[in-house]
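Working notes, structure below.
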Amino acid sequence: MEINPYNSPGNVAFTIPPRVSRKTKPDGTIVNINRVEVGGSEVVVIAGPCAVENQEQLFETARAVKTSGARILRGGAFKPRSSPYNFQGLGEEGLKMLREIRKETGLPVVTEVMDTRMVELVAAYTDMIQIGSRNMQNYPLLKEVGKQQKPVLLKRGMMATIEEFLLAAEYILNQGNEQVVLCERGIRTFETCTRNTLDLSAVPLLKRLSHLPVIVDPSHGTGLRWMVPAMAKAAVAVGADGLIMEVHYRPEEAICDGYQSLNLDEFAQLMIDLKKIAQAIGREISLPKPSKG
Amino acid sequence: MEINPYNSPGNVAFTIPPRVSRKTKPDGTIVNINRVEVGGSEVVVIAGPCAVENQEQLFETARAVKTSGARILRGGAFKPRSSPYNFQGLGEEGLKMLREIRKETGLPVVTEVMDTRMVELVAAYTDMIQIGSRNMQNYPLLKEVGKQQKPVLLKRGMMATIEEFLLAAEYILNQGNEQVVLCERGIRTFETCTRNTLDLSAVPLLKRLSHLPVIVDPSHGTGLRWMVPAMAKAAVAVGADGLIMEVHYRPEEAICDGYQSLNLDEFAQLMIDLKKIAQAIGREISLPKPSKG
Amino acid sequence: MEINPYNSPGNVAFTIPPRVSRKTKPDGTIVNINRVEVGGSEVVVIAGPCAVENQEQLFETARAVKTSGARILRGGAFKPRSSPYNFQGLGEEGLKMLREIRKETGLPVVTEVMDTRMVELVAAYTDMIQIGSRNMQNYPLLKEVGKQQKPVLLKRGMMATIEEFLLAAEYILNQGNEQVVLCERGIRTFETCTRNTLDLSAVPLLKRLSHLPVIVDPSHGTGLRWMVPAMAKAAVAVGADGLIMEVHYRPEEAICDGYQSLNLDEFAQLMIDLKKIAQAIGREISLPKPSKG
Amino acid sequence: MEINPYNSPGNVAFTIPPRVSRKTKPDGTIVNINRVEVGGSEVVVIAGPCAVENQEQLFETARAVKTSGARILRGGAFKPRSSPYNFQGLGEEGLKMLREIRKETGLPVVTEVMDTRMVELVAAYTDMIQIGSRNMQNYPLLKEVGKQQKPVLLKRGMMATIEEFLLAAEYILNQGNEQVVLCERGIRTFETCTRNTLDLSAVPLLKRLSHLPVIVDPSHGTGLRWMVPAMAKAAVAVGADGLIMEVHYRPEEAICDGYQSLNLDEFAQLMIDLKKIAQAIGREISLPKPSKG
């Protein structure tokens, strides 16, 4: 273990855990999600609905985000909801729908797991396992996904320090699974205008301290649909290896998080704008060629 | 559901979940942990080591805290540690030691569970199941303890609002288990002198909004051994139904959290001081009579 | 300068500024506000309205809080208000009313100053000068009150660390004025149920690090009238040298902060309760004898 | 006054103060600082040392930042320092140096004022008056700069909500001065790796709610020299109307804030990179043509 390489007033020196540390592995890790590479020169966009609600909603959204340039599909089958009276997800039925649209579109799928007992099931259906914000310090769960062969999307806890975030990733790597993507998704602060405060400084910081790829979630990070495009652009400019965003074919009818979901047109326009930012910093977003017209 | 009963600038109105709401049940709930009642006129003290380390450490500490007036024994067998390289607890071996000293002293035992797969095991060995701070929003775990017949000690997440805390408790009650004790244990703020900021205002707030008993953990709430007595006294004065504190027969040798553990003499003196505060507000702490001379 | 004497995970070591440090002066400072001593064995209560509104309001409130046991009168003539459209205080007219009721009741008076140009004026009318939370790092103002002969009540900024708070006090002592009382009044956190999070751990921390007296403001610290008594009791139990509370003869008609002001009866009852807590920890609150039957 | 136009969970609805509200003035305000316009299509860069230390340091730095494309010069003559034992600035002597280099380079100058008694003096020497973070709620000071004819740079308090920030600006506009530029400079959170957490979401939020221009300070916002370029790029991508950055001809010798100051070469390179981002979002940064071969 080593002392962290930056030094300024207000810094708490801490040791970077060895397996995630960039000192151990100076070249950045590239995580391969069924042939989509996160951590290379491409900025990879993950998009899809907050929750899988039904076939039409999922399929329509998935087809559209693919057409606009998304490389990976997101969608929740098991939903961690603050209230027990809110929709808790479709469970395995949702996983089956994800598998079906994955086959049709060829898009790899990422979905969340919350329970150690469900890890194998979720791993069987998907290409990437998500550990959500509320479970960033659920150590038995981290150990269990660390035993899988599937890539892991690890979201920062909403009140987790950078040190704790890296230690959580270390739990996964320590079990033998080195295919981990870190995701900044906003931290809790005193400010209440936004759902969270998206901490974009976490991106250069994590990339300096660790060899793992880092992506950003501007949907949960802001909680405000109209603000997602601006923050997505900033995330690309700051050096993120990718983005994960909530997109819904009818946000106003979404069962959860509709207020922070882009509609299909907004997403299509955003991809065009993001491509320009990526180019300005010497990276790529490759958009599909229009099929007709 | 109803609107919360207080109103001032900076308040976000929210609905109190129905099962935990005091409106549903105006009389406070008394939680019975193997004949020790939390929520009545007695201020109940839970004490013991952070982690069960070995027989001598556990037994010596348990006997001493009982002599000084503790009514329930705490001790961790499964430990949630930020780093995978730290001591993770003795597991079932630790549970067996807890059962043995429980038999000898007659003290009911509370210990933490982190994994849904371990809930039945932990429930079989102990009198009260603890859900730790990092798992306050581990919903599968909350549901699982909600199905048990054992009382639950639910600690507030270090990032959890009062609303989220009450919703987490609702998950447990909603499964049929109404024997829940809430525990304020410090929240994360910008201040770094203390490990957390112990939010004593949570006590009157939770007691006003909910019928569940509320206790305070000044050990994790401060992270500073010398500060625990002052904050424990404040917690009794503010109206807490109990305290949970880390006590170790040799804090300087503790494997974890020694810097915040009282030694046996400090704990004995504190119990005498707490009794006076309890009396000053019309409550009780009944100390055992000295057995000899 | 020296390293701070506590040590635990999460602590940022910092140097305690020399003039406020307890190492420089092991015995606690007693601040004398026109013969009322703060920092001795007595727990001193400061009470009065948020703002001086008119003669009746001020005089009725002042007479009543004196009868109930307050030792110092508070009341704002210059009010720092978030909005320019809110009542900004009566200014010098308010200072004159304070002087008049001070003469009648014999209660020393504390009032806030916000502008370097007003320091001499305020000092001329009052017994103690208050630096409010928003001005804790207004260094020209700190220097100016440091040049006065009047005791200073320095409130912790809502965003200030303990280190910054001590450094702010050092600015005053460094100009020659050692009559400074520190006041914890709540910090800003993510929790929105309360106006601020009253950080009672600041009391033992400040008293360990510094020789200056420390008092607590549960009115601003909670923003909730019904919660003030519980937190006031906790503040006495934790070891505060005094309290400052908003009391109004008709809170529902108050121009500012009525929702956090006690009425006269609530204050009278609270003083009786506080006396019991003070006794339980070996300190005193001396209540006036009832004048008649 | 009106209700704010966004709506999502966790939002506290508040009224936007009328003079700063975009509803009152749908077109954005352009603030003119001696012919440099902030709020138009150009992204304006303000650069210079934290503090004016001496003639050589100021002049060398000023000439270099002009050559690299800075449009306004910053430099502190009165410095708000946490400790009374730190360098407090050169005062009027520093103002004179600023005036001299302003004449030579033609760069408008911005400098901070902390004391109501100094406002006229500072206004006489400079083109724009800065209100620092610690004085964002120093209402007498806001009123005083509101009476001047000079543009004002108002920095967000490190723990100020968006509502409080807008209300602080309203204090200035309410006195008749509408030439106000808002500056996001990082807020205080639990994270300690960075000096502050730069809240880039404040930019789209402020621009939606208010007609005033918004700039970003990535130097104070991160406190880390190596991180400034990444966050500066993100700030341009998110839509900021400008940047203010600390640049020093010899950062390692700087009296204050050297650890967060760019050196001259880093700044020159950054300007080239920022121009590309600006173009990618349809805005401009016009760099001077190299004067010689």
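By letter and in written order, the chains are A, B, C and D; residue numbering begins at 1 in each of them.
Simple rule for what comes next: contacts are C-beta pairs under 8 Å (C-beta built on N, C-alpha and C of every residue); 3 or more make two chains touch, one makes a residue touch a chain.
Remember, it's a predicted structure, so these values are computed and weren't measured experimentally.
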- [ ] Determine which of the two chain pairs, A-D or A-B, is joined by the larger number of C-beta pairs in contact.
- [x] A-D
- [ ] Please identify which chain has its centre, taken as the mean of its CA atoms, farthest from the centre of subunit A.
- [x] C
- [ ] Could you tell me the distance, in whole angstrom, between the mean C-alpha positions of subunit B and subunit D?
- [x] 48
Task: Approximate Å spacing (C-alpha centroids) for the pair subunit A, subunit B - done: 35
Open item on the list: For subunit A versus subunit D, what separation do you get between their C-alpha means, in angstrom?
Closed with: 33
TODO: Check each residue of subunit B and list the ones that touch at least two other chains.
DONE: 10, 12, 159, 163, 188-190, 192
Open item on the list: Which residues of subunit A touch subunit C once you look at their complex with the stated criterion?
Closed with: 10, 12, 159, 188-190, 192
TODO: Mind listing the subunit C positions that touch subunit B in their complex?
DONE: 4, 6-12, 159, 161-163, 187, 189-195, 197-201, 203-205, 208, 221-224, 226-227, 230-231, 233-239, 259-260, 273, 276-277, 279-281
Task: Of all residues in subunit B, those that touch subunit A in their complex - done: 12, 17, 80-85, 88, 114-118, 134-135, 137-141, 158-159, 163-164, 167, 170-171, 174, 188, 192
